[in-house]
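Encoded as structure tokens, here's the structure I'll be asking about.
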Amino acid sequence: MMRAAKPVLTPHDPDFESRVRESFERQGAMKLIGASLEKVAPGEVEIYLPFREDLTQQHGFVHAGIITTVMDNACGFAAYSLMPADASVLSVEFKVNLLAPAKGEAFIARGEVIKPGRTITVCNGEVYAPGEVNKLIATMTATLIMLQGRTGIPQG
Amino acid sequence: MMRAAKPVLTPHDPDFESRVRESFERQGAMKLIGASLEKVAPGEVEIYLPFREDLTQQHGFVHAGIITTVMDNACGFAAYSLMPADASVLSVEFKVNLLAPAKGEAFIARGEVIKPGRTITVCNGEVYAPGEVNKLIATMTATLIMLQGRTGIPQG
Amino acid sequence: MMRAAKPVLTPHDPDFESRVRESFERQGAMKLIGASLEKVAPGEVEIYLPFREDLTQQHGFVHAGIITTVMDNACGFAAYSLMPADASVLSVEFKVNLLAPAKGEAFIARGEVIKPGRTITVCNGEVYAPGEVNKLIATMTATLIMLQGRTGIPQG
Amino acid sequence: MMRAAKPVLTPHDPDFESRVRESFERQGAMKLIGASLEKVAPGEVEIYLPFREDLTQQHGFVHAGIITTVMDNACGFAAYSLMPADASVLSVEFKVNLLAPAKGEAFIARGEVIKPGRTITVCNGEVYAPGEVNKLIATMTATLIMLQGRTGIPQG
């Protein structure tokens, strides 16, 4: 529906993709839940999550928190893809709407920068269950902050 | 960016537009701030707000709360446009990101249903300043609830 | 319910109260809706809003956007009260839950800093209708950013 | 800071605690991340999460999504504790602010009902790292919906 102009998404670092992939690999949580990083484009990231029983809540659907975990990553790495090579990214806050039960064999989380900024970047995310009709499961709006030279926060 | 399927937006009431416009007319707050209802389509509403000095915050931009007021209405009436004739709509919650100062001669708030539902409807909203480039000012995600036959809440 | 430690709220500027009150006075929107600034303490602000017909939505309650306007201000000025004298504050985002219809003769918006920071400050806000029982109308969580020396954003 | 009246939190079902504990036990995700259910009171729940390397993001802190997972559960079960025995609870949406890196040996997630309702319940949640000073890590506001007799959603 966006009728406002689309943002221009230009990465500061030409090696953004390898930087994003290395950062993703350092996340213990992604291995634990079995998520993999698919597409990495400037300001846009996709993550793939197969269904597993040990990801579920009490009704047998994937837990909203696990859905959030992959959406937060898709948004965070979408923001990070535009940042300088020595930057770190942290989530300041996010808001999630859960639109349908997370049923399905697999899920795709997509994150996209809607407002790049010097300090603050804002992203939209979604998770859908791919199929004949790609069923929308959840949406996110996330606010990320870029840190540079902050002690205690390694690059990534 | 949405790669999930778009929702099907079918109004329950063929007279949805006049119902939306009557409800809008009953809002004292819209008269106070000088907003007018423009487009009304199934699941989609646009509101127009000219700049006025008496809508500003301390820096001379339109107040984030006033921007929210028109976005909340655009979302609420987008949801209401799909509901039965005897229903009422109330905002359960919303989340707003303020992406740029609300500078400009006028602003357009758009609301769109992303998930229609029996009880809960979810909408996305945005406000932009129209111009050569339509500058995105703010975004909203809103959760609305439909009420029917609830005492104390008149239809609308 | 907070069992985490409370934040220490120390203003950088001993004249924080006059600075907050001057900034409030510059807001055209506050005059328009008839809101007044009551309490100003370090990291805590209260705003008073009497009911008026021209603040209402279609059901005769005060519009959620107007309720948001005073809550956003209570949060923004609570954050601003802790900042250096040459700083400006802007809302990055906020999230509002509407818990009860805004019925009553008057409303009090309170904002409180829950996490002061160098760049980012997070506040909680609420609006209630005072009475024998103070009825909770709405809650807010707001993220604010401090700007210093940014051209185009006057102090305040 | 809440000066509005506190809600009265009365469980519909005297066996609420065993019902909450059984539902928690059915969550594969809780076993996966090693979380345990501690306190269950009417409208209030605490969950304990020890630090593990396989819960981390790229900087070595516990992933914001995992922190969200336990907060979402604390809120969801706090809401569920007040509901009738044949009800199910689902998260409609939540909003998370990440206030400090999730460093520490363990974390406690607390959820509390701030507005019980027939259909919609609103909760506040927080995660803190217990210590000499209990360090606040994150906060949540969550909107939950009660379902009764909905096919496809088992009780819990």
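Order as written gives the chain letters A, B, C and D; numbering starts at 1 within each chain.
Everything below uses one rule, namely that a contact is a pair of C-beta atoms (placed from the backbone, for glycine too) under 8 Å apart; a residue touches a chain by one contact, two chains touch by 3 or more.
Treat the numbers as computed from the prediction; the structure is a model and nothing was measured.
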item: Third chains touching both chain D and chain C; value: A, B
item: Far-end chain from chain A, centres as C-alpha averages; value: C
item: Result of counting contacting C-beta pairs for A-B and B-C, higher pair; value: B-C
item: Averaged-CA centre spacing for the pair chain C and chain B, given as whole angstrom; value: 23
item: Gap in Å, rounded to a whole number, between the CA centres of chain D and chain B; value: 31
item: Chain centre separation in whole Å, for chain B relative to chain A (CA means); value: 27
item: Numbers and ranges of chain D residues touching at least 2 other chains; value: 92-93, 95, 97, 122, 141, 143
item: Of chain D, residues touching chain A in the complex; value: 23-24, 26-29, 31-33, 52-60, 62-66, 68-73, 88, 90-98, 101, 152-154, 156
item: Chain B-touching residues of chain D, taken from the complex the two chains share; value: 92-93, 95, 119-120, 122, 141, 143, 145
item: Residue ranges of chain A touching chain B (in the complex, touch as defined); value: 1-5, 7, 44, 95, 97, 99-100, 108, 110, 112, 114-115, 122, 124, 126, 128, 133-137, 139, 141, 143
